[in-house]
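Chain nomenclature is as follows: A, B, C, D and E, assigned in order of appearance, with residue numbering initiated at 1 for each chain independently.
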Amino acid sequence: QEAKIGVILGFTGPIESLTPAMGDSAELALSEVNDAGTFLEGVTLTPVRADSTCIDSAAATAAAERLITTDGVLAIMGADCSGVTGAILSNAAVPNGVPMISPSATSPALSNADDNGLFFRTAPSDARQGEVLASILGERDISSVAVTYTNNDYGKGFADSFAAAFEETGGEITLSAPHEDGKGDYSAEIGALASAGGDVLVVLGYSDQGGKGMIQAALDTGAFDTFAMGDGMYSDALLEDLGSALEGSFGSVPWAQGEGTEAFTKIATDAGINAEGSYTRESYDAAALIALAMMKGGEASSAAVAANVMDVANAPGEEILPGELGKAMEILADGGDIDYVGATNVELVGEGEAAGTYRYYEIEDGEFTTVSFK
Amino acid sequence: MDFLNALVALSNFVLIPAIAYGSQLALGALGVTLIYGILRFSNFAHGDTMAIGTMVTILATWGLQAMGVSLGPLPTALLAIPAGIAGAALLVLLTDRFVYRFYREQKAKPVILVIVSMGVMFIYNGVTRFIIGPDDQRFADGERFIINARQFKEMTGLDEGLALKSTQGITLITAVIVVALLFWFLNHTRTGKSMRAYSDNEDLALLSGINPERVVMVTWLIVAALATVAGTLYGLDKSFKPFTYFQLLLPIFASAIVGGLGSPLGAIAGGFIIAFSEVGITYAWKKVLSYMLPESLEPSGLVQLMSTDYKFAVSFVILIIVLLFRPTGLFKGKSV
Amino acid sequence: MSSGVYDDRGNRDRSIANADGMGSAMPVNEGGKAHPAPAGPFLIGEAMTGGYGRGADILHACTIAVDRGEIAVIVGPNGAGKSTAMKAVFGMLSLREGAVRLDGEDITELTPQARVRKGMGFVPQTHNIFTSMTVEENLEMGAFIRDDDFRSTMDQVYELFPILKEKRRQAAGELSGGQRQQVAVGRALMTQPKVLMLDEPTAGVSPIVMDELFDRIIEVARTGLPVLMVEQNARQALEIADKGYVLVQGRNAHTGTGKELLADAEVRRSFLGG
Amino acid sequence: MRTLGLFALVAVLILGTGFMQSWNSALIILNMGLVSAIMALGVNLQWGLAGLFNVGVMGFVALGGLAVVLTSETPVPAAWSAGGWRVLGALLFGLAAIAACVAAWKRLRRGRRGWAVAAIAIAGFFVYRAILDPGVEAVEAVDPAATGFLGGLGLPVLLAWPVGGLLAAGVAWVIGKTALGLRSDYLAIATLGIAEIIIAVLKNEDWLSRGVKNVIGLPRPVPYEIDLQNDPGFVESAAGLGLDPTTASTLYVKLGYSVLFTVVLVVLLVLAQLALKSPWGRMMRAIRDNEEAAEAMGKDVTARHLQVFILGSVLCGIAGAMMTTLDGQLTPSSYQPLRYTFLIWVMVIVGGSGNNLGAVLGGFLIWFLWVQVEPMGQWLMSVVTSGMADGSAIKAHLLGSVQHMRLLTMGVILLVVLRFAPRGLLPER
Amino acid sequence: MIRVENLHRHFGGFRAVDGATLEIADGSITGLVGPNGAGKSTLFNVIAGALPPTSGTVIMDGEDITGLPPHTLFHKGLLRTFQIAHEFSSMTCRENLMMVPGRQAGESLWNAWFGRGRIAQEEEALLKKADEVLDFLTISHLKDEKAGNLSGGQKKLLELGRTMMVDAKIVFLDEVGAGVNRTLLNTIADTIVRLNRERGYTFCVIEHDMDFIGRICDPVIVMAEGKKLAEGTLDQIKADEAVIEAYLGTGLKNKEAAG
């Protein structure tokens, strides 16, 4: 018997370079469940991929509709960008009663969406991280910064919450300039930001998109040499590419304290997936949650997922790390309770959103070194 | 001193980046304009041709790097460009043979070719992603800077730094050389003149004994070379990602149109106009002004005409204004 | 003219599509060879049948020929297919039947550019100069196929049309109608052709220039170069013609010496305006 | 005949989707097909009928989307009291300043007017910013995570469709006034630019429509599936038809949209056909054939171009509003030229420019392909790789790239269609 | 009817029309001749509103019409044909004629949608008129042929026919004869004369064919280098030394030798 899970990500379009790893990572969780062999008496989870395009709501909706009504997926791991996620949610998922767990739609607006209890996300809403980043700057006694954010709901929401928190602590934002992803030239933005000045440049973007381009341009012109970075900027590739220039820069990233992430890094690396990529961890967790919720509900159905996600994600119960899904199955089969920790220390609050813990890191000797957890 | 500081700040953040970006756009626009002039359609696949040329260059660069070849302070990619050009040329020639030629022989109207080129764009796009994937690829090596901001400050004792990347230098030099070569070729060689003749009047070119297929082939070869060079320079200066090349199409077209489609000089001017208006209008003049003005007059705000959100929009407004005042285009193109 | 199947219905947008100077000819395709075919006149298009693209036949077994030192003139009503016949001889459209022979060779399958190399020069009825190029470049393009030094030929052309020497640095598109015609003829002469074909060289040209042009043509013909031309100024043309063809609806209606045709009352009435 | 056949083919494709995949998928394709057909009809009016080249379709579509937010969202009173009136005042001032510029340009004599206008424009711009900025800041500060904008008028969403048309008409009028009748390049640049500007405004003016934070959960003209599923009467009648309530409700809602959209399309198509087959259409064809001669025959070419340009843009605006209503949300960053300008162009050209039915056909067909090339690409890849050994690197690479086959497949199909029907599937007679 | 006063039209530094002053009398068929590049077509274009003048005035029936757009002039009764025929090529001959009359009710979209009855009546009248004109021009067998498929001369006839669809006051003809078969040209000449006699049109005709000019024109104006050089009957013109030198020439020099 087969239970299909939709994996809807923007395989083409502006974040196409992130999505393959995200998809692989989600499928890694599913195959881990399958390999355990204990899932619902021989039901096999089959991922079905579809392209959300990240930007074309109509095409994304059509793709989701196809997955739901043709392929008969029971739950959706996705979508990625907040815009298409909202469209799929209200036009395909809610009407058909199919739950969605998005690994990367971080828009605060989705918290208020009319989701009928079907929408969850493993990425924290941006509202919280703004506060975290502001407090980090406070710790470092930095009072004047320039901000650049990627011009989408993630970046904008993040920048808003950061600005609110930072100004509350008495900090000054000299200029908050958005940048578009998928462009190559950021001279204009850097020119304006440099003129505005500031001790550090706060970069709230993606590490393989405009965020990197902005840092590159800032370094090239000597406009800034220290950067404070949001979660989207956390990646090894960035370190590798920019090398020593990033020395002394710092940032925050949602992080499971210790074990969970390490465990994930290990199994992901074994499977040939870049564990450090943006949202790969969240993707793994999203897929894992779907499987666990089904197991908990005792049947491979949409309703089981919707009803049990919160339950398996949160305490009480035994803590489950990546790579321990098989163990979780056994516990659940025996009627036990689990608290899925996963790669990102999943804790769903409110209507099913990740609460998120954050790691405050600094780049020293070409490595991310943890300063503290928040 | 203050004046020098102001000048340096302006050069660092406006002049140098705009010149480099302008050269890259100009090289791209030259390719578009050549196809428009000689093959008579707006080639939407040009951005992706650039991507493919660059992709081959990158693969060759990796090969060279693996073999331990290097150009010292210069990027190895410069050595690999010929391979990229060859790859792009092969591809466009094949495309021409199997796609465009049919419509040319049928005397299809240019608009059909435009839509066909969109189809080709989709295909190139798929091919690039298929071969090299959608990710960011870095292939620059060698010295990154001719002079960086810190060195400059130390050298001159000024408060403002001036950075000049080697890729910017290379871009500008290459652009000048390529443009000069192209002009010389079009205006002084037999083949170049035959291309202009063909562009002017196809039937009469035939009557003068010019072989149209040869003209077409040479055009594609030049376009492939221009696209590869432009794409590689762009990739060296920023980084290579297929999607950005697709996005580059819009400013490239804007450059070509504002300069007067079909006019090579216009393409160059257009590239610089777009680049300067993108970078210049949204520049916050605070820094420059605070150096220039006495302290009492120092601006409190940023003195930014428009926020950078509108950089692309602003450049378009400028284009429209330019066209309103120069109704024949900057350099009279093929337009009526 | 109905312009083929792929018409874009009059859309004249220049930013996306550049129809300027787009050819309308459907030239003979690459690949053909010339075959020896001795005897017959210097240039002959024999029993030509064909039309544009996949459209209906416009020429029906039409024959035109010219021999060394002769001037042959084609006349006929508008739309008779005179220009089409000229183009067919030059390989600008494929023949469905018939053959074209030049100097003892069958050249039916040659491309137009190959025919230029065989020594044919043609001045079409319209669009007969490169408007964006200077007068001198126009002449250079005429000599495109020549590898030798064509300076002296150019001097000869300038001698023939002195006004062109004055204007040689000017874009040809800025010239007046008559001057353009001179450039067009000059361009054809630069090829050093073995045969010269002219399609209505005097249309829209003032009387004084027309006389001048006819003078030149006679001069040229006297050097032994055969001249084949289409004319609507038929009476003047037939007066200097050695041979005249009247085409009607793509068919040879009357053929004779210029004098004969001029003397034929019916031809006069129907085609020469009485 | 050919027309009938091709429309039948489209019907078969959509019905086939219904049988092979699901009726929900089929209806979704149908609905967006209807919207696309209206957009294509608009572009066809401009290009096919008048030879006007509009590469700013995206902008007009986005304006339609904006109209939905402005008409149907509930107003945010807190935002209005915080700074809404100030913003409105600033906008009015801006308009007045532009009017003053235009008036000055017309009244003043040549030599000095350039400077005068520039002076008015620059001074006006700074005053405008001075009035606007504080208002904007205040509005955007009102609960930015949830609102932070002025909201709309709270009117029924169906009203947004004509409003979308009106907004588009207004912008088209401005473009037409500056760009039409001049060199045709202007139109390309002006439309390309204005589309980018509209998107930039939508993305960055948060007070207007929340910018990139998106407005979601827009009102609908049809009932919600959930309500239907909870309505015993509905569940009963669904059961009567042998359908489970979920499927029945989703189908019901989609059918509702289909009916609404079909009505709009049919009305617009009939109007377009009537216009085409009247002396007006004859005049437009004459203008398209030869502007100079039409002008000499007493036709005011510029005015007619303006008229048809506005008409076409109105259609795009209406379609844009319909699409946003269907999506239920406005997401400015989803407006991309590739999808909303070039794809519409492909529809028009493949369908057959100059022929309204052709444009409609192109709209349906290309949309169908745009959605279905993804499974087609996957299928293609699985066929290609079926012969290869399991676990081979090439096979893995091919299967890994399967998502990229989507655009490639689209390209191939486009080339094939244009190869065999270079004037479009339903060419103008 | 038309008075042109000190008209200038320059292209950059080049003076295509350089202070031309001339008058076209009511009811006349005035010929306009002159060497190539004399500025005749440019003058036409300025009068007909296709080009703005650099300076000078054009007066029609006592009214200053300088710089008015062509479509306004059309409604004032000033019509023109083009040196190169400007037919509406994808429309039938009939449609080519039917589109001409101004202010048709059916040209407003509102009527096209909601006033079908009125349009139908109007169309019927137009159709009748168009058929009459086609008959008059002896091309009624081509009425359903696409104008693009006509031969050069037929296109010129159609151009002329358009001027007959409305009651024109003055018609400008630019080289109707160039490239037209001489027999057909005679028909055209007869038509012009008939229109002039029967309908009272005033004509101004550019032509290089002296036979044609001689057949219909009185007076003839000669232009050279953007100015009026001479005016008079054809015979007077033919005798004018300056005109002979600039324009007419003295005939073929080589004819005998060639013959």
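One rule holds for everything that comes next: contacts are C-beta pairs under 8 Å (C-beta built on N, C-alpha and C of every residue); 3 or more make two chains touch, one makes a residue touch a chain.
These numbers were taken from a predicted model, which means no experiment stands behind them.
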Which chain has its C-alpha centroid farthest away from the centroid of subunit D?
C
Select, from D-E and A-B, the pair of chains that is joined by more C-beta pairs in contact.
A-B
Distance from the CA centroid of subunit C to that of subunit D, rounded to the nearest Å?
52
Indicate the whole-number Å distance between the mean C-alpha point of subunit A and the mean C-alpha point of subunit B.
35
What is the distance, in whole Å, between the centres of subunit A and subunit C, each centre taken as the mean of its C-alpha atoms?
73
CA centroids of subunit B and subunit D: separation to the nearest Å works out as 30
List, in ascending order, every residue of subunit D touching at least 2 other chains.
183-185, 188-189, 203-204, 289-290, 353, 404, 406-407, 422-423
Residue numbers in subunit C touching two or more further chains are 3, 5-16
Interface hub residues of subunit A, defined as touching at least two other chains
12, 20, 151, 178
So in the complex, the part of subunit A that touches subunit D is made up of which residues?
11-12, 20, 49-51, 55-59, 61-63, 65-66, 68-70, 81-84, 86-87, 90-91, 94-97, 107-114, 116, 127, 151-153, 155-157, 160-161, 164, 178
Of all residues in subunit A, those that touch subunit B in their complex:
12-14, 16-17, 20, 151, 174-175, 177-179, 182-185, 187-192, 194-197, 208, 212-213, 216-217, 220-223, 237, 241
With touch defined as at the start, can you tell me which subunit E residues reach subunit D in the complex?
48, 50, 69-71, 74-75, 79-80, 82, 86-91, 95-96, 98-100, 102, 104-109, 111-113, 116, 119, 122-123, 162
In the complex, subunit C touches subunit B at residues 3-8, 11-27, 29-30, 53, 90, 92, 111-113, 116-117, 122, 124, 127-133, 137, 140-142, 144-145, 187, 191
Over in the complex, which subunit B residues touch subunit D? Could you list them?
44, 99, 102-103, 106, 108, 111-112, 115-116, 118-123, 125-127, 129-130, 133-134, 246, 250, 253-254, 257-258, 261, 307, 309-310, 312-313, 316-317, 319-320, 323-324, 327-329, 333, 335-336
